[in-house]
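Both complexes below contain chain A, partnered by chain B and then by chain C.
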Partner chain A sequence: MVEFDLVAPRSADEAFAALRAAAPDGAAVLAGGTDLLPDVDEGRQRPRVVVSLRHLPWRTLDWAGPSLTIGSTLPLRALEQDPDLVRRFPGLAEAIRDVGSVALRHRATLGGNVVRAAPTSDLVPVLLALDAEVEIVGPRGTRRLPVDRFVRASRRVDLGPEELVRAVWFPEARPSAYRWQRVRPANDISQVAVAAACSPADRRWRIAVGGVAPRPVRIPSAAEALGAGAPTAAAVARAARAAADAVAFPTDRRASADYRRHLVATLVERVVDAVVRAEGFPR
Partner chain B sequence: MTPASETAGRPDARAKLHGAVRYGTDLESPGMLWGALVPAPRPSGAVRRLDLSAARALPGVVAIGPDDLDRLLPPAYRSAERPLFAAASIDYGFQPIAAVAAPTRAAARAAAEAVRATVDPAPVVADVESIFPDWPGPEAVGSPHVAAHVHAVRGDVDAAFRDADRVVRETYRTASVHQVALEPHACLARVDGDRWTVRTSTQSPFGTREDLATMLGLPESAIEVAGTWVGGGFGGKGAPLLEPYALLLARASGRPVRLALDYAEEFRLGRTTLPAVVRMETAVRDGTISGRRVRLLLDVGAALPGRDFATGYSIGFLLGPYRTPTFEVEGFGVRTHKPPFGPHRAPFAPQCAFVVESHLDHVAREVGLDPEAFRAAHLWREGEATPLGQPVGPFGLAAAFERARATARAWRAAAPPGHGVGVAGGFWSTGTGAGGELRLRLAPSEVVLEVGEREIGSGSVVAGLRAVAVRVLGLPADRIRVESLGTAEAPFDSGVFGSRTVAVLGRAIEAAAAELRSILAARLGAGGPVEFGIDGERIHVRADPAGGRIDRPLADLLTPDERGEGGVVVVGKHYGRGGTIDESLVRAGTFYGYTDFTGAAHVAEVAVDRATGAVRVVRYTAFQDVGTLVDPPAARAQVEGGIAMGLGTALTEEAIWSDDGRLLNPGLLDYRIPTFGEVPPIEVEFLEGFPGAGPFGAKGLGEPPIIPVPAAIALAVREACGAHATELPVTAERTARALKLL
Partner chain C sequence: MTGGPIALRVNGVERRASDVPASERLLDTLRWRFDLKGTKEGCRTGGCGACTVLVDGESTLSCLTLTHEVDGRAVATIEAGGESPTMERVRAAFVAEGALQCGYCTPGFVVALTGLLEERGRAASRDEMLEALAGNLCRCTGYAAIGRAVERLRAEAP
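== the complex of A and B ==
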C-alpha cells in the first residue's frame, strides 16, 4: 500500500502554500487522478503530500464573445455534455468523447491532460489546432502561454513547482474536427490522430498530429497546402502528403511507421472533409 | 419433465453483484505473510550465483532458493521432472529462481528486488521460425528443440496430389492469446506439522493436489486443496502455478503465506496459447477434396520433452470437420523460452478453425466453386468416420451450417457497400473422458450436492448442476443447493474444464438419484417408481403402486444413522470413455481421440474501412448444437461470452515477444481484449435433437462457442474488402497490407 498525506485547499493561495511546504519534490497535484494515481501506484511518482484541487472554484465554463475559458478541473464528461461547446467546438467535443471511457471521463480533466502532456493525448492536438492557451497561476501572479509552448514532451511542461494550471483559454469558436486510428476504439491509445480547424476570422487552417513522440505537433506545411477556406481536392491531397512527410513516425508494438504514415494521410483527408461540413465554416 | 424456466437462475448472482463473494485475491489470514516470486532475469541461461542475504537481512523476511529445498521437503521432491526453482537451466523468462515472504506486500516486493542473481546467459529461442527457418526435416525428430512430434497418414497421399485437378498451398500464422481472467492467480497456504493446506483459485482441486504431491515429493494424503470462488479460469487455472511456492514459504516461515500475481506477472507467468505456423495443402479432383497435407509448428514454450499434449490434441482440429479420403498430418511441438503452452478456452481450436475454414474457402474460390457450398458438401455426417477413424455420432454441424448459410443469404441481400458476411463452422468434443463423482445428500427439507470443485463463473457448478438435479429429482430449484468442499472431504472429481462439468457430473447426479430411488422404493414398500415432491418445507417421497398412492415425508423414512448425518447420502459416479482413433494410421507420436462431437456454425457481418483496414463487427448469429438444453439462459450466456472472447482472438489480442524473448505487452493497455463497445448484437439459436453423452443427451457448452469466431470474422472481412487473412489477429494494419495500401 502506498501512503501519502492528502490535502484539499480551499483557495489557490492555500494550494501554493501546501506545495511550498512539501517542496522540493515532495508534493503532487491531484485533479481527476486518472494519470496521477496509476503513476503513484507503479512508483513513477512518490509524493509525500498530494494536493487535491477539488475544492478550488475552477470547475467553470465561461463564454466571452467568440472566446471560451474552460476551468482546468471540470471533468471531461461535463464538457462533452455542454450543447454550446459541442456545437461551437465540434473538434474538441469529438476528441473529449474519445478519451478512455465514460467512467473515466467523469473524473479526468482537461487540466490534467495538458499537464500530463502525453504524446498520445487525444486533447493536445485539438488544443493546438484551436490555438488554445493555458492560464497559469502561481504565488507570483498569473501568466498565459500558448499550448504549443507550454507542452514540451511527455510529463514535461513549462510549469513552476508552485504553479497550477487554472484554465485553458480558446480565442474563438472554430469549425474543427478530430480523427484517430486505434487498435480498439475504446480505452486504447491512438496509433496516430489528426486534428484540424479553420478560423472563421482569417480562414486559415491549423493541422496537428498526435500519437507522435516526443509530443503532438502542428504541421504548418499541411495547413498552408490547404490555402484559405474550402480547399480543392488537389490541395487536400497535398496537405495529406505534407503531413505524412513532416513527421518521423516510429515503429513499435502498436503500429509500424509505414502504417502510421499511411494513416496520417488518410486521417488528414477525413478531418478536413469534416471541418468543411461543420457549422460556420468560412466559405 | 420440468420446464426449463424453473431450472434457471444464478444462486451466486446477488452475492457477486454486491461484492460479497471472496475470490482468491481476497484471501487473508491473521498473521499471514505476503509472498513474492523472484523471477529469472533472463529467459535462458544458468544461475551461477544466488545471493539471498540482502533479502534475508530485511525485517521479517523469509527467503528461499534451491539450496533450502532439502530441509523443507522430503527427498522425493527431487524426482519431479522440473526443478521448483530454475538453477542450472533457466527454461523461460520470469521462471522463479527464489521466493520471499514478508509482513507486507511492499516489503515482499522489496525483498524480491533485494535478491541478487548472477546468470550465465545462453542463446534465447524466441520463436519457432528462428529455430526452423525452413521447416523441420528428419533431423528435427529427437532434437532437444522438439517436445512432441506427431505424424499420421491415410492412403496414398502422393497419388492424390499427383492426380489432382488442382492443388492449393498456403501458410497461416496464429498469435499467442491469454485467458485474461479478471482475477489473477492467487492462493493462501499454511503448513501445520505434516498437513500442507492451500486455499486457491483453481479449476481443478484434485488435479492440483496430485501435481503438488509430485512437485513437493509428498503423499497426496498430506495435502489438502480447498478452492475459493474463482474469478474466471478459461483454462488458465487448471494446474498449480503459485501453490508450491506458497506452501514452501509457509513451511519455511511457519506462518500462513499469501501469494498472488499482479497483472503484469499474470501475463508473464501464465500458461496459455502460444504462436503457431500451419502449412495447408489441398488436392481437389472433380470439385471434391481428394487429399490434404497439414503441417503444424506449434510453439509449446518450455514444455518438457515428451510432455506436450497440445500438438497431438490440436492436429486433428486442423483436418476440420470435413471428409478427406487421403491425408498426411505432421506436427512439431517446438520448445522456446516462453512459459509452457497451456489451455485457453477450447485450446487452439479457434485458431485451427480459422486456418481450416479460411483455407477451404480459399481452395473453393481457386477452383471456382461456391466456398460455403464446397465446405457444406464435405461436412461429416452421423454414421461416418472421421479422417482419423473415429465414428461420428449425433452431430448437429451440418444442420447448423445450413441455418447459418440461410442467415448469411438474408444478410447479404441487405448488406450496404463495404460490408461483408462470413460463415464458419467448428467442432469440439465434450471432455467426458475425465470422470468424477459427487455426493448427494437428501435431507428432510433440502437436497445438497457436495462437489470437489468451485464455481468458476460460468455457472456450471452452482447453477448447472442444480438445473440437472431439478430435472432428475423433480424438486424445485430453491430446495437444491450445491456445496463445494475441499479435497479432504469431497468425493473425487477431475475439475471444471473441457466443457465437462454438467455433462459428467450431471450423469453422476442421475446415477445418485437412481440409487436413492431404489433405496427409498424399498422403504416405502412400493416396488415401483418413486417420485419426490414438496409439502410446505418438507420433501415427500411418493409412489403409485397398484394398491393405491403412498406419500410420506422423507423425515419419516430416515434411519437413525441417517438422521445423524442429516439425510440419505449417496455417491454418484460417472466415468465415461475417451475417444479412440484408428491407430494404424499413426506413424509417430500420440494422437488423442475426441468424444461426443458437438458443432457450431456462426455468421458474422462486418464493415471494413477500406482506407485504414479497420474492422467493425456489425452483427452476429450463432447456431449451436447442444444436444439438449439444460439451462437456457446460462447456455445463451456461454455462447455470447464465447463470441465476445473470440472477437479478441479474431481482431486484437496478441501477446508480442521481442527477438530476445521479452514479452512486450504484459498488461491490459497493449494486450487488448474487446470492450462492450466492440461486441455486436448477438443472436443465438440452439439445435437440439443431436443427443450427446451428458444428462438427457446434453453436450458440453463451455468451449464450443468460441471456436468458429475468428474464422467467421476473417471470412466476412474477405467478402467485405477482398483481403484474405492468413494471420491472426486480423488487425487493421494486416488488413491494410493485404489490401496493398502500404
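== the complex of A and C ==
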C-alpha cells in the first residue's frame, strides 16, 4: 500500500493552508477519489499529503433562473437523480449516467472529473457544449474560467497549487444530448463521444467531441454547419463531415484513427437528432 | 495525519480500530481488521464491483474508499444477514435462480442490487436494476441467471 498523510480541512482557508504546507508537488486533492486513488496505487501520482474536501459545504445544486451551479463535491449519482436536472440538462444527465457504474457515481464528483481532466472524460465534452465555467477559489480570491480554457491538455488544467474548484456553473438550460461508442456500455471508456446542445436564447448549436487526444474539443465548423434551430438533413450531413475532418483522431489500443473518424460522423447525426427531439428545443 | 482511530457501524454493530493508516481502504479494514471476508477484492481499480458495500445505504466501491473518509458512517456488507431484510430478499432470489457459479463476484452483485432496491423501493424498474449491476463483472459469465434473479425480484416486489 502506498502511504500518505490525510487531512480533512473544515473550511476553504484551512484547505488552502494545507495545500501550501504540502507545496509544491506534495499534495493531492481528494473529492470522490475514484480517479486519484488508482493513480496513487499504480504510482502515477505520489502525494505526500492528500487533502480531502469531504467537510467543505460544496455538495450543492443551485438554480437561478435559467442557470445552474453545481457544487464540485456533489456526487454524480445525486445529479442524475435530480428530476429538474434531467429535464433541463438532458445531455449532462446522459453523460453522467455514462460514467463508470452506479457504485462509482455514488462517490465520483463533477468537480473531480473536470479537475482530473482525463482525455477520455465523459463529462468534459458536454460541459463544452453547455458553455460551462468553473468557479475557482484560492487564497487570493475567486475567479471564473470557461471549461474550454480551464482544461489545457491531457491531465492538465489551469489551477494554481493552492486553488480549488468550488463549483461548475452553467449559463442556461439547453436541449442537449450525449452519444458515444464503446466496447462495453458500462464501466468502459468511449472510443469517441459527441455532445451537442442548442441554445434556446440564440438558437445556435455547440458540438464537442471526446475520445480525442489530448483533450475533448469543440468543433465550431460542425456547429456552424447546423445553422440556427432545426437543421435540414443536408446540414446535418455537412456537420458530420465537418466533425470528421476537423479533428486529428488518435490511433491507440481502443480504436484506430480511421474508425474514430467513421464513428464521429454517425454520432454527430445521432446526437443532433436527439437534441432536436429534446424538450424545449427552439423551433 | 498519518493514521488514527476510526469508528464504523458495520452491519448494525459498532466497530472500532485504533491505528488505521491514512491510506487504508475500507475493503482492507473490513477484511483484515474486522474479519469480514465476504467482501472480495477483484481489480482494486473500481472496474469490477466485487468489493461493493453499502455506505449509509449507498453502493460504494470499498477498494476506492479511504476508511477515514467514511469514519462514523454505517456500512453494510454481504454479512449483514437479518440486519437487512432487503439483502435477504436479494440473496434468496439469487439462491432460487442459481445465480452464481464460482461465487466470487456474488457478494458484490447482491450488495449492489440491495443498494438500488433500498434507494428506489418499489419504483425500481428492471432497467434500473440491471443498470445498478452494470459495474459488476462475473468472470464465469453467469449473467443469464443473474438476470433471472432480477426478474424474480421484480415479480415479487412487495
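Please note the rule applied: the second predicted complex is superposed on the first by the 283 of 283 C-alpha atoms of A that agree within 3 Å, B and C clash if a C-alpha of one lies under 4 Å from a C-alpha of the other, contacts with A are read in each partner's own complex, and residues count from 1 in each chain.
Just so we're on the same page, a residue touches a chain if its C-beta (ideal position, glycine included) is under 8 Å from a C-beta of that chain, and two chains touch if they have at least 3 such contacts.
For clarity, every value in this text was computed on a predicted model and none was experimentally measured.
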item: Partner chain(s) touched by A:I189 [first = chain B, second = chain C, both, neither]; value: first
item: Chain B versus chain C as contact partner of A:R143, first or second or both or neither; value: neither
item: Touched partner set for A:S101, first chain B, second chain C, both or neither; value: both
item: Contacts of A:Q181 with chain B and chain C, given as first, second, both or neither; value: first
item: Which of chain B and chain C A:S256 touches, first, second, both or neither; value: first
item: Residue contacts on chain A - larger count, chain B or chain C; value: C
item: First, second, both or neither for A:T266, with chain B first and chain C second; value: first
item: Contacts of A:H55 with chain B and chain C, given as first, second, both or neither; value: neither
item: Overlap of the chain B and chain C footprints on chain A, listed as residue numbers; value: 1-2, 101, 185-187
item: Chain B partner contacts - residues on chain A that touch it in the complex; value: 1-2, 101, 181, 183-189, 253-256, 258-259, 262-263, 266
item: Complex interface listing, chain A residues touching chain C; value: 1-8, 30, 33-34, 37-38, 40-42, 50, 52, 54, 77, 97, 100-104, 106-107, 185-187
item: For the chain C and chain A complex, residues of the former touching the latter; value: 1-2, 21-25, 28, 44-47, 49, 52, 55, 58-61, 64-66, 68-69, 112, 115-116, 131-132, 134-137
item: Chain A-touching residues of chain B, taken from the complex the two chains share; value: 104-106, 611-612, 614, 652, 656, 664-665, 669-670, 672, 674-675, 677-678, 731-733, 736, 741-742
